[in-house]
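What follows is chain A paired twice: with chain B in the first complex and chain C in the second.
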Partner chain A sequence: MFNLGQAKTKILVAVHGWSGVVLGFLLYAVVLTGTIAVFAHEIGHWSIGRGEAPSIYQHPIDDHVRTAINSVEPRFRHDVSIFSSPRGNLAVWAHTHAKRPSGQLADIGALLELDPRSGREIARREGWSNEVFRETATALERFLVDVHVRLHMPNPWGLLLTGVLGLAMMAAAVSGLLMHPNLIKDSFTLRRHKKTLVAARDEHAVAGTWGLPFAFLLALTGAFFSFALSFGLPIVSLVAFGGDQAKLRDTLVGARPAVDERSAEVANLDAMIRDAQTRVGGSVNRVSITHYGRKNGQVTIALDPAPGELEPSRLVYEAPDGAFVMRKTRIGTEPSLGSTLFSIIGPLHFGNFGGVISKLVWGALGFASCFMIATGMSLWLRRRAGDERWRIFACVNATVIFGLPIALAASAYGFLLSYPAESAATATPLAFLAGAMLVISFATYASQRSGGQALDAHLMWGLGLTLIGLPIARIASGGIFWPEAFAAGAHETIVIDFALLLGGAFCIRLARRWGVSTLSDTEPAATSGKSQMDPAE
Partner chain B sequence: MDALNGLMSLAACAWSLAMIVLLGLSDPKSRRTAQKPVARVSSSLRLTAAAFALLPGALLLAAGSAVAFLIWSGFLTIAGWAVAIVLAPPSHHRE
Partner chain C sequence: MSSKYESGGVRRVIRWVLAGPVAAIIAVIVLMGMPLYIPAGRGGVDNLVIPLLLLPIIWALLFFHAVLDSNLARVALIGVLVAGVNLTLLAARFWG
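The block that comes next holds the complex of A and B.
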């Protein structure tokens, strides 16, 4: 596609390869967990066997919310958030801002879970936001997202690292595009000679060619999310606003309404919700009330994108009389291109803009990116197949590529076997660590015993069995069985169970093939394929 | 996603998939490597098929359906990769 000359191409190959080798494992971890995180909500519902729950806003909520807020301590009635709980119930979070003993500003309040039809209180927790929202039911979902977002590292280091990985992926995509002279011509050329360099090269190049635009897009939006919070906002605050956070806030989200401490009842929430739905379409996602019961109170209604649109909406109402104020932009106070772009970065990264269809497509794109990284590493190692110094790296590569999904599946076992006990939140990451240790121990043993031969096939066997065992563990640990799940409308549970069973069977089939192919393979030498490479290689 | 956008995405994906299959089947390099007879398909015909594969994207953008466009474009890349895998000769094949 681009002919840069041999010297420049050689430099690009080196940059592409070494950046991949140095950051490849972490990048693979982020991309694999991102692929799984596309279905995080569905996995969350699967893990607790949640059935289909209608929107909490289908029923009038005004009375239930008022009764709930009146039942909490008066000091918590400053701000209120209303949303759907992980179990599909009506959640009301009445809270205020306070300083922790450490001096850090945080939210403290009461979280009530109500039956959306009757308003009956199901659960209540009081405390700091990070304690109250440590919901056991979402432990698995949160763990998967947390590994993807910050590799389970503390802030801001995890975000910075995933941001750097996003940039590395963008660099790999661009260098990959520039260094392949026949990118379009080779887009269907896939030679599958056993374990040869040319086969490894084709696998990587074809996956890269087709997946390149979206690999770049997902890396760009992911890097933006990582850097915007950890790096971007503090820098903007310092450079453009001299560190004045209030001024930054007023510019980015608009000035706060003038202080008016006189008390005033909040107007009917159901009427405001109906009005918001009529104005923009889309279903209501969250309702927030600031300065509850005060004259300067405001109600913000967040709606999912209307059918066919990408941008979610936020409508603001005056709390005392329910009068519509404005449609709020994400950045600034006026509609702008920047605000629109900022609004659609989320849907573009998460793939949640078109229901299950867009999620399936985005999941497949994530899988293609994982495949691209794995085949890139495989290609690098194939070129160094005769080099003893890279033998250990080859074992580590197989351990990470096939072991990480096993460890992630182990985290699901940890959750399933401990839920609904409070310990599920701790058991989930611990089970991940236990799974990882088990895989590493097995890989170390196999490498010492047989030099790591067929390690990938053995780990693939392990992955297949681990996946097949998940639905069994779910049902054995008290989860609902398929007929019961079907009757309860828990279709996600059934679909994910079958996907795990099929995925496990597919892994075992591949493992059996790889096992046979390793034994019968007689041509692993790097040089055998070298003569068939393109000049760029 | 509403029914209209769903249908538009589905139709666009099906059309582009058909074009990609045609492009894959007539790809001279992959046919050569698979030791299949290389049909005499002119490059202008292949270019036309490629343009037809991309046509739904332009139509979806013109119709202002960003959701359908994104689903179609994501599907296009996955479909291209899948067609390349399906049309590749089996691993026991030797040049």
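The block that comes next holds the complex of A and C.
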């Protein structure tokens, strides 16, 4: 496709290879957790054994919300947020802004969980927002997303690192594109019958070529999120507004309504919700009320993208009379190129713009990207198979490629065995660490004992058994079995259980093909089709 | 032969410095300058969002130019020009 000459192609091969080798493990971690995070919501439901609950807004909520707000301390009734709780119930967060003892501004209030039909109070928590929203039911979901977004490192370092990895992904994608003179032909060439190195090269080229647009899109949008949140947005805002915080706020979210502290009842919320759904057509995601019970109060209704659209919507109403004010953009005061781009970056990155179908496509492309990174590393190592200096790296490579999914699965075990105790929030990451230490210990032992022979096959066995064990652990720890799940509409639970069982079986089948018939075999069979140390061509 | 190797080695180091930290720094300088010449748009936010979206692309252009252009002086010159223009605009904005 591009013929840049031998010298330039050699440089591009070096850029492509070394960016992969130096940052490949971290990139693999981000891509793998990102692929899993596409289904974080569904995994969250699976982990607590519930399905996608019917929308809380299909029942009238106005009376329930008023009763709930009247039951909290008056000082908390400044702003109100209404949304679906992790268990599919009606959540009402009545809060105000206050200074912590440290001097930092934060939200403090009361979070109530109500039955959406009867309005019966199920749970209540009061305190600062970071304490109140430490919901154990979402511990596994939040852990998976957190590892992807910032590799579980503190801000801003985790965000900066994932941003750099986005740039590395872009460098690998662009160099991969430029260094293939016959890109179209390479994307259809898969010589499986040839010797291992050729087959590995073809696998990597095919996976990389077909996933190129996806890799570019993910690198661009991922780097946007990481850099914007860590330092980008403050920098461009400082330059654009010269440090004028009020002007920045008015531009980003619109001018504040004039202060009017006179009392005024909030109009019927159900009527505003119905109006919003009629105007836009998407399903309601969240309702926010600012200056609750005051003349200058406003109700903002956030809706998911309507069918066939990418952009979510936000509609603003006057709280006292329910009059429609405007359709608000996600950012900015009026629709513009910038606000549209900002609105669609999220759905394009998360793959949730088209429901389950787009998520499945994004998940498949994500796994293909993981395969591309793994085969790239494998290709690099195969070309250096005779070099003793790279032997240890080969063991590390196998440990990371197969060990990371095992450690992530271990985090799920930690959650399942501790939920619904409060300790689930800490048990989940601790279990990840324990799984990682176990894998590293085994890999260290195996590489010292047998020089790393069949390490990848043994780890694949371990991954297979870990995956198969997850549905068993879920049910054994009190989770619902399939007939009960089907009756309760928890279809995601059944689908994920079967996916884990099939995935685990596939892993074991691969391990056997790689020549390790049982977990206790120490060496691959002589005629195995795949081994870490095949001689280079 | 010794001087040629050192020359090649020095050139390689210069190239990777230009492609590495220098490209990153220039990309951030361009990010800072873009809100000054990208129109704000109707909603007043185009000059905030578009620079952030372009940042990885600008970095990639600078990086691959530094890696592939055989003329290191040209790479350095273009980098200085791009950074210089943006820094001048920033200086005018804050101290002009």
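In the analysis below, the second predicted complex is superposed on the first by the 510 of 537 C-alpha atoms of A that agree within 3 Å, B and C clash if a C-alpha of one lies under 4 Å from a C-alpha of the other, contacts with A are read in each partner's own complex, and residues count from 1 in each chain.
We take it that a residue touches a chain if its C-beta (ideal position, glycine included) is under 8 Å from a C-beta of that chain, and two chains touch if they have at least 3 such contacts.
Note that the coordinates shown come from a computational prediction; the quantities given were computed from them, not determined experimentally.
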Touched partner set for A:Glu261, first chain B, second chain C, both or neither: neither
Which of chain B and chain C A:Leu220 touches, first, second, both or neither: second
Chain B versus chain C as contact partner of A:Ile357, first or second or both or neither: first
Chain B versus chain C as contact partner of A:Phe188, first or second or both or neither: first
Chain B versus chain C as contact partner of A:Glu388, first or second or both or neither: neither
Touched partner set for A:Ile11, first chain B, second chain C, both or neither: second
Chain A residues touching chain C - in the complex, by the definition given at the top: 4, 7-8, 11-12, 15, 166-167, 170-171, 174-175, 178, 219-220, 223-224, 227-228, 232-233, 235-237, 239-240, 242, 251-252, 329, 331-339, 341-342, 345
Interface residues, chain B side, partner chain A - complex: 1-2, 4-6, 9, 23-24, 27, 29-30, 33, 65-68, 70-71, 73-75, 77-78, 80-81, 83-85, 87-91, 93-95
For the chain A and chain B complex, residues of the former touching the latter: 185-194, 199, 206-207, 209-211, 213-214, 305, 307-310, 348, 351, 353-355, 357-358, 361-362, 364-365, 368, 517, 532
Chain C to chain A touching residues, read off their complex: 28, 31-36, 40-53, 55-57, 59-60, 63-64, 67-68, 70, 90, 93-94
